[in-house]
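The next part holds the structures, each set out as structure tokens.
One chain, chain A, appears in both complexes that follow, with chain B as partner in the first and chain C in the second.
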Partner chain A sequence: MAEPRASRAGARWLWPLLALPGTVWLAVLFVAPLYVVLAILFGTVDPILRQPVPVWNPLDWDLSQFRYVWQHIVGENPFFRPALLRTVVYVGVASLLCLLVAYPVAYYTARFAGRWKGVLLAALIAPFWISYMMRMLAWVNLLQADGLVNKALSVGWLPDVHRAWLNGQPTTVVLGLVYGYVPYMILPLFAGLDRTPTAVLEAARDLGANRWETFRRVTWPMSRAAVVVSLLVTTLPMLGDYFTNDLLSGSPATSMVGNLINNSVLTPGQTGQAGAFVVLILIVSIVPMVAYVRSTRAGSEVQS
Partner chain B sequence: MAAEPERRPALSGPSRLARRSVLKGALAGLALPTLDSILAACGGDGGAKANVAAEKIPAPDNPIRWAVSKANPPIDSGLTPKRGSTLRIYNYADYVSPQVLKDFEKKYGVDIRLSTFNDADEALTKIASKNLKFDLYFPSYDSLGRLIQSELVRPLNHDYLPNASNLWPSLRDPWYDLGARYTVPYTIYSTGIGWRTDQVSTDIPGLDNPYDVLWDRQYAGDMAILDDWHTAIAMVLLRNGELNINSTDPKDIALVREQLLDLRTTMKPRVTISMYTELPAGQYGLCQMWSGDAINLPYYLPKKTSSDILRFWFPPDGKGEVDNDLVVCLAQGENPVAAHFFVNELLDPDVAGRNFGFTGYQPPLNQFTPDRLVADGYVPENLATAILEPRDFERGIPLLQLPASADAAYHQVWQEFKSGG
Partner chain C sequence: MLDALRLPQGPRMSVRGWWRDPWRKPRVLLLFTLLYLVWSLLPVLVAALFSFNAGRSRVTWQGFSMRWYYGDPLRSVWHDASLHTALTHTLWLGVVATALVVPLGVAMALGLDRWRGRIPAGANLAVLVSFVLPEILVAVSLLFVATVLTTPLDLGTTGQVIGLVTFQLSYPVVIVRARLLTIGKDYEEAAVDLGASPLGAVRRVLMRMLLPAIFASAVLVFADVIDDFIIVRYLSGDSSTEPVSVKVYNTARAAPTPALNALTTLLLVASLLAVVLGFVAYRWFTRGEKGVRTLDAFAAET
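Our next item is the complex of A and B:
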């Protein structure tokens, strides 16, 4: 009799214990840094160097920096607003393009690659071996005025193209984002599609669905969770990206919220404002995640 | 040209100190303020008074001899760098020759770690964290007062710097640091306009106001300005004939805002400090430019392109932005002895020549006369306008540290500019 009780008690401690490393990790690398961000956002500024002075006690927090950012998003002189809207558009378009590129690739690799699956997967992971910065710098070389892209567009009888790809072109920034983040999308999509049970697909075909119907009514609905996860995995880092923009455009005309954060962090007296943008991004990105988690939970409850 | 006082968005920032003190300055009749009135305007505000009033701002007509720091005393004489120790240098990218670093490492058995920054604001932010252990930093004098008053720099021991005798006499006892207690001049440069004649047809020096070319719409999307708030401000003020490029007048701040936002909308400039590679690559044909970068342009041109196409304009009467960068020993560094040896090395004419050959930024040493620079092939004839002489410092206008309130107001303008409309 004593043994099952002991094992029950053990089980009661086992799961929290297993969750402990993750909890500590989350506390140290997410909650604590977030609190530092808040302490700086609601803190003060050193009068000589104009560096942020964090205020740790929430009772003493000063809202003026957050208010300043908020007023310049929704107030009379909303000069932060265009960059925020641009971010939504660029990230939205880039994510959709990523999906258009990644889905067929992941689908092919999962379903039709056969014995080449391993090789293809390795090839898909290969971009991770090269630093993001190096990949972007390579594009700078390719896209500059006398770079290979312009040369290729002007080859032979074609008219001379001197497109200034790198001077504040939204297209370049969006394509840069797509190029940079598409591998991050392919992997979770592949993982999702690879798990689709072939029995279900065969059942659909046996019941008379053609290839397209099978895809539309079985594969796509079953892969929807993977699509959402892969969109989250790519969209969230894109929201904070400033480097792609700095290298491929460098113009205020294409500034995104990541650039606003980077500029504020590096400007004496404005560091706290970066915290305001971080908090806003956090709120904006948490809402759809929570909605997603709730909707999937509701879905699974209905199923069971 | 100036905006109405009601339209004074440059001063609508979060800093109550900024708004009140600048407005107070305006009320006090700060049309062209003297330093005293600026300081008075800044100090007139309750809580921040003690700190801000203490802010000392050096200027040619207000030379300052800084007190020797008690918190960070100068090092003793007669020491030598420890072999195997690390010297941490914090500098702009491509602003010191890798060969010079290697030679120094070899000569003294010291390991040099070079870290780089993009602009002085970024550098100041990181240095202020005090824990990066940088030994040497290369500021301009517009942040020197803040660095010294925040006890971030260590006074120099001149026993280690015999090569300082090679410096131009006028820079051995400079207004920003009388007695050269904390600084050694590193390079000198002017700020003007650079362009390629194969992409820009306008005769820029022949224009009534050459700065107007930066607002000339035929070059929209094909030009760049320096990613430096202070230099951008000076460009607008000089364009409007305002020689006080350190103006704190709210009208000037509003004017700067108006014309910078206009530049952003109509010209779509790239905002960068990489002109020295991007202009030769043909990425654009016209830009605001530092003379040192102009001198470096031929080096980055594609092989088949002749350097004859490169030009640099600086006001021929000398009434433009002329500055020098400095070397300072940071208090957070752990190797001040090697730092002193390195500074002395930079003042050696041979080393300085090697460094100049790489960076394009002229050292203010007696051995580097304009004639010699052209004759020795350091600078092609068509870029001779980028060379500086001691008299350029008598006529030119330096960028000074601004009082905290105006500094904040201009930073807000720059923030609005860079956010992109």
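Our next item is the complex of A and C:
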């Protein structure tokens, strides 16, 4: 009798001990630095060195930097507003396009690929192993003024196309985002669709539903959770993206909130601005996260 | 007459019949999937192909050569120090960060799986949030820590490794916990009943069963680290700590040579090698298991 108790007592310190290094790491290097961002946003700027001076006590927080950003979003001279609106539109359109591309592909792979499923899946995850920058560089090459895209568009009897794809075209940026993030969407969708029980689908067929009805009334509702996850894992990273924009456009006419952060974070005296936008993204991304976690908790309670 | 002609082949010929046939092959979906694959992979293949171009152009094919890999005495990857330093630095970051992240994450996953209370609940939330939070938040906050405060966190390789570990830690935790869920507690309890200590049960039973998940997360972390851009750029010190992604970002729009394509192609080869090694190891460690789904661990990333 003594032995199991001893081992259980041993287990009591074992699990915290195992979890502790990672927990401490995240606390010190993930959570605490987010507080540093707040302290800088609500801190002051050294008037001579233009260095940010963080203020640690929330009671002493100075709102002037926050107010500056806020006024230039909603106030009379809203020069931050276009980039924020653009972020919403670009990321929204790109996420929807991603879903439109990813869903059929994941659906086909999960339902119909048969013995090719493994091969197809490997090809679909291939972009994971290709550097994002290489994939963007590939498009920079293709979309140059004398690149293969323009050549392909003006092949044969067609008139010569000299479209400048890379000089601040919203289309290019959105398509670049779709190209960059769609692989991350296919995997969770595939995982969700692959779990749809075949028996349910066959039952729907047996009860007289045609293909479209089966999809609309069985497959789609059952995959909704996977759709939400896949939208989360693609939309949230897109919010902080600035390099796709810089590589495929490089023009302030298409800049997004990520570009605002990137442009101000290394500029002396504008660190607080960068902090403000970081906090903005943080809030925008945490709200759907919490909603999702709550909904899955409710869902698992229903399941069990 | 007309009916007689139509009846035998009716369902097959008419569009309506084809549309209503519940067992028809999903040709449209197949075509869509194939087109997607072409769209997703062809540009990269073209970019890799032009790394073997004999001329300076990344648009017109001027014959095959290894000029941009080692032939060119000035601008090839082999001879241009800034290019091959970027490559070795990227791979170095990949190895070091993976070697730190995987043990840290596996231990954390094991601990969080059983430890109950408010601290582990908070740690769980932190893992989940860091899993999906835009990378730029982690990068900027650590950059602020490095530049505004006086801490051991310095810009350069140290800062980059710390940033990468912070951002990647959630991967092994999520993957290993998914695997722990499918393993269940039976094996471990059996081991304890047979006289193993809790640590012994973890070491000799659980770790063996977790090996595939550990390999999968190591491969994923490595591939993700060498692909990383935002963190390694903000936390880089000088040009000697600029990895491939930063190099591409800095030069892609400023008249690059095919050497840049060669550099990214080499990184792609390294990444594929890691995947193949990981896959082989994964198959090796799961060889006895029946019904194991090879890609499950990779899909578990979601």
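In this text, the second predicted complex is superposed on the first by the 254 of 304 C-alpha atoms of A that agree within 3 Å, B and C clash if a C-alpha of one lies under 4 Å from a C-alpha of the other, contacts with A are read in each partner's own complex, and residues count from 1 in each chain.
Methods note: contacts are C-beta pairs under 8 Å (C-beta built on N, C-alpha and C of every residue); 3 or more make two chains touch, one makes a residue touch a chain.
Note that this is a predicted model, so its numbers are computed, not measured.
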- Task: Determine, under the contact definition given at the top, whether A:Gln270 touches first (chain B), second (chain C), both, or neither.
- Result: first
- Determine, under the contact definition given at the top, whether A:Pro170 touches first (chain B), second (chain C), both, or neither. neither
- Message: A:Thr254 in the overlay: touching chain B, chain C, both, or neither? Say first, second, both or neither.
- Response: first
- Query: After lining up the shared chain so the two structures overlap, which partner does A:Leu239 touch, if you call chain B first and chain C second: first, second, both or neither?
  - Reply: second
- Task: Using the superposition described at the top, determine whether chain B or chain C touches more residues of chain A.
- Result: C
- Looking at the overlay, what does A:Ser285 touch: chain B (first), chain C (second), both, or neither? second
- Touched partner set for A:Phe79, first chain B, second chain C, both or neither: first
- For A:Gln51, decide between first (touching chain B), second (touching chain C), both and neither. both
- Please indicate which partner A:Gln144 is in contact with in the superposed arrangement: first for chain B, second for chain C, both, or neither. both
- So which positions on chain A get touched by both chain B and chain C? 51, 144, 146, 166, 250, 265, 271
- The answer for chain B against chain A in the complex is residues 9, 12-17, 48, 51-52, 55, 118-119, 121-122, 124-125, 128, 146, 149-150, 221-222, 224, 264, 268-272, 278, 281-284, 302, 404, 407-408, 411, 414-421
- Note on the structure: Within the complex, chain C is touched by chain A residues 3-4, 7-8, 10-11, 14-23, 25-27, 29-34, 36-37, 40, 51-52, 54, 101, 104-105, 107-109, 111-112, 118, 120-142, 144, 146-148, 166, 179, 182-183, 187-188, 190-191, 194, 205, 210-211, 229-230, 232-233, 236-237, 239-243, 246-247, 250, 258, 261-262, 265, 271, 274-275, 278, 281-282, 285-286, 289, 293
- Query: Within the complex, which stretch of chain C touches chain A?
  - Reply: 20, 22, 25-26, 29-30, 32-33, 36-37, 39-41, 43-44, 46-47, 50, 58-59, 104-105, 107-108, 110-115, 119-120, 122-123, 126-130, 132-138, 140-145, 148-149, 162, 165-166, 169, 173, 192, 195, 197-199, 202, 220, 223, 226-227, 229-230, 234, 244-245, 248-249, 252-253, 256, 260-261, 264-265, 267-268, 271-272, 274-275, 294-295, 298-302
- Message: For a test of understanding, state which residues of chain A touch chain B in their complex under the given definition.
- Response: 45-51, 64-65, 67-68, 77, 79-80, 82-83, 86, 144-146, 164, 166-168, 249-255, 259-260, 263-271
